[in-house]
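Written below as C-alpha cells is the structure these notes are about.
In order of appearance the chains are A, B and C, and numbering begins at 1 in each one.
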Amino acid sequence: MATPLVVSEVFKSFTMHLRDGIRLPVVNNANFSVASGECVVLGGPSGIGKSSILKMLYGNYAVDAGQILVDHRDRIVDIATADPRAILDVRRHTMGYVSQFLRTVPRVPALDVVAEPLVARGVEAAEAKDKASELLARLNLPRELWGLPPATFSGGEQQRVNIARGFITTHQILLLDEPTASLDAVNRRVVVEMIRQKKEAGVALLGIFHDEEVREAVADRILDVAQFSPRKVAA
Amino acid sequence: MTDTPLLKVNSVSKFYGQRIGCKDVSFDLWPGEVLAIVGESGSGKTTLLNCISTRLMPTAGSVEYRMRDGNFRDLYHMGEAERRFLMRTDWGFVHQNPADGLRMTVSAGANVGERLMAVGDRHYGKIRDTASDWLTRVEIGTDRIDDQPRAFSGGMRQRLQIARNLVTNPRLVFMDEPTGGLDVSVQARLLDLVRGLVNDLGLAAIIVTHDLAVARLLSHRMMVMKDGFVIEHGLTDRVLDDPREPYTQLLVSSILQV
Amino acid sequence: MTDLASYNFAYLDEQTKRMIRRAILKAIAIPGYQVPFASREMPMPYGWGTGGVQVTASIIGPDDILKVIDQGADDTTNAVSIRAFFEKVANVAVTTHTKEATIIQTRHRIPEQKLGEGQVLVYQVPIPEPLRFLEPRETETRKMHALEEYGLMHVKLYEDIARNGRISTTYAYPVKVAGRYVMDPSPTPKFDNPKMHMSDALQLFGAGREKRIYAVPPYTDVVSLDFEDHPFEIQKFEQPCALCGARGVYLDEVVLDDKGGRMFVCSDTDHCEERREEGHTGEMPSQEAAE
C-alpha cells in the first residue's frame, strides 16, 4: 500500500523573543507515516502538540529538524525544507487541510469559498460550484446562506463551510483539525460518512478528534502524540 | 508550476549617502505569485519597491525581468524608452495616493483608455467599450465613465487606478500601500477586488504594506524588512503564524484583535 | 526716419539674428521639434507676436516683401503695427497681396491662396507645447516627445468625443509632422491644417514668451491626429461668403445689427478683395465692405 506521508525525526520548538528568548520545545523526534486509505488519529491530552504537528505538515509552522516527506505528483517533496512555491503547489494538488476555524475573506459568498480549491486547480467555475452545492447540501447548510459571505455565520455553519472546502478536492492527503468540534449529531454523522468515503477513495487522512464517538468511527489507529512530547522526557 | 521566474532581484542595495535605504535584497518572483513586503515606516520597503520597479536607481545590484519574448533583460541597462514602454504595458504601478497615479482632470474613461491609446489603439468606440468593461470589473458604474476622478470617493479612485493599470493585461503589478488611506469597509472591498483580479488574471504582484492583514489576504509569500534589511522571508501564513525573528514576533503580536 | 538710423537692420543685432537663424536651421532639420532659443525683449508686449517678429526679423532681407495678417485680415491692429514696425526698422516693402509676399507673418490663419515655393510663412505661437494642458511638467513633456509617447494627445481627443460626441477641437488641432513629432500648429482653425501638409512654402513657428522655435520644411507630411471611427474633418460652411461668394474658404461671422442679423464673410480679406475685383459677388454685394 502507498504511503504518501512520512514524518521522520521531526523537532519543533518555539523561541519567544518577546519573553526573554525562552525556548519552548513542543515536538521531539516525531516519527510516523500515514498510508493511503488510512485514517490516523492523533491522540493525547490537549497542549501536547497535536495541532502543531498538523501545522508543520501543512507548512504552516516551520520545522527545526527532520523531514516531512510528501508524495507529490510522482516526486517526493520535503515540506520541512521546501520553498514557499513548492509548499503552495503541494497544498493546491496533494494535501488538504480543514482547520478548526474558517478564516473568512470579506465579501466572498460561501459557495465560492467552497468551490475555490477546485477553481484554483483549473476546474471550470460552473462545475466547481455544482460540486460545492452538493457538499453544502449534504452538510445541511441552509441554501439561503450559500450566497452570503460566511463572516456572519454561526460557528457550526462556518465549520461546515470549512469542511466542504476541505473535502471538495481529490487531494491524496487530508489533515483534519477537529472538524466536528462545533457540529450537532446529525452533521457529525455526515462528516464521519464523508471521511469513510475518502478512505475508500484511497486518501491518507490524519486528524485530531476530541469527540470520542467520531474518533471510534473513523480511526484506523491512534497515534499517541505524548511519545513525541518533550514533556514526557521531562517527566 | 512554471520553472522560470518572471523577475530576478539580485543583491539590490540603495544608499542615501551614509544611510541605508535597503541592503542586499535578493529574491525571485514567479508568474502569478503575490509577494508582500512588510515593515514599519522607514524600514526600506518603499525604497526597495521603487528600485525594483526602476523608479529609483539602486546603488548596487541588478534586476532581471523576463520579457514577453521569454528573454531576460537587465532592467537597469535597458534604455529609458524601452523601460517606460514596459512600465505602461507589461507592468502596473498602483500608488498609495490615487492622485499620483491618475489624471485627475480627465474622465474615468480616458484614464482607463490612456494606456490603450499609448500603445496605438485608434478606435474610439473600442477604447470606450474596453474602458467601460474595466470600470464594471472594478465595480464603478458605467454611468460614471465621463466623470473626472475628482468627483470620486477615495475608494473609487483607487479602484479606477487599478483599472487604469490592468487594462493592458500586465504580467506584473507593483502596489505601494494600496489600501493606505481608505476606511476599513472600503479597504475590505478593495482587497477582495484585488484578490479576485490577481487570481483571475494570474498576475504577479509585489505589494508593499505595513498592514499584516493585507499581506495575509493577498500574498502567497512575504518578506519582513527592518532597517533596510530583509530579516524574514517565507510563506505568508508561516511567517505570520510561526514568526521566527524577534522583530517579526513583535510585529505579529502588535496586531489589534477585533 | 533718421532718428532710427541707430537701430540695426530689422531691429535685432546681428548676433541675435545669428542665434535665431541657428535655431531655425535646427528646427528645419528636425521637423516639428521645438528648439529652445534665447528669446529677446521686443518693443511690444508678449502675446503680440514677439516670437513671430523675432523669426521674421532674423530671416528678412532688404529685397523681401512682407505681408502681415491677424486672423486672416491685413487691417487689424496687430497686423498693422507689426507691418509698420518692419517698414520702419527694416525699410522693406510691404503688401497685402498673398501672391506678392515673400514672407507672410501670421497670427492664427493660413491664407486661402495656395502658397508657392520660395515663400515663408511665419506663425506667431502663444503656447508651443501641444501636451501642455494634459501634462504640466515640461521635463515630462520633453521626455514624451523624445520617446515618442503620444498616447496623451489622443486622450485629449477622446475627452472631446466623450463630452461632445465628436472631436470638438476646432483650432490648435494637433498634428504629427513627418511621422515623428506631434506639433501644435498654433491657434489656427483646423480648417487650415490640410494646407500645412506637403506645402510648397517653408513654415516657421516662433513662440516668444515660451522661447521656442519650430518648423515644417516644404513638402513635409503633416497629419492631423484622429480616431478610426472619428476621422479628422475640417469645418464646413453652409453658405458662401456674403461679399465675394467664395465657397470652401474659412468664414468669419459678422453681426450686423442687434436683431440677430448677421453675415458670413471671408476671414482672408486679401482673398475676398481679389475675388471681388475679379467680379465675383455674394448675396450682399456691399458698399459697406468698401467702408
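Simple rule for what comes next: contacts are C-beta pairs under 8 Å (C-beta built on N, C-alpha and C of every residue); 3 or more make two chains touch, one makes a residue touch a chain.
Here the structure is a predicted model, which means the values were calculated and not measured.
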item	value
Geometric centre: closest chain by C-alpha means	B
Chain at maximum distance from subunit B, centres defined as averaged CA atoms	C
Subunit A-subunit C separation of Cα centroids, rounded to whole Å	77
Cα-centroid distance, subunit A relative to subunit B, in whole angstrom	32
Interchain centroid distance [CA atoms averaged], subunit B/subunit C, Å	46
Contact footprint of subunit B on subunit C as seen in their complex	134, 143, 146-152, 154-155, 158-159, 161-163, 226-230
Residue ranges of subunit A in contact with subunit B within the complex	14-18, 21, 55, 59-62, 84-85, 87-89, 105-108, 120
Subunit B - residues contacting subunit C, complex	80-81, 84, 88, 103, 105-107, 109-110, 113-119, 122-125, 127-128, 145-146
Residue ranges of subunit B touching subunit A (in the complex, touch as defined)	1, 30, 33, 188-189, 191-192, 195, 199, 217, 220-221, 234-235, 237-238, 241-242, 244-246, 249-250, 253
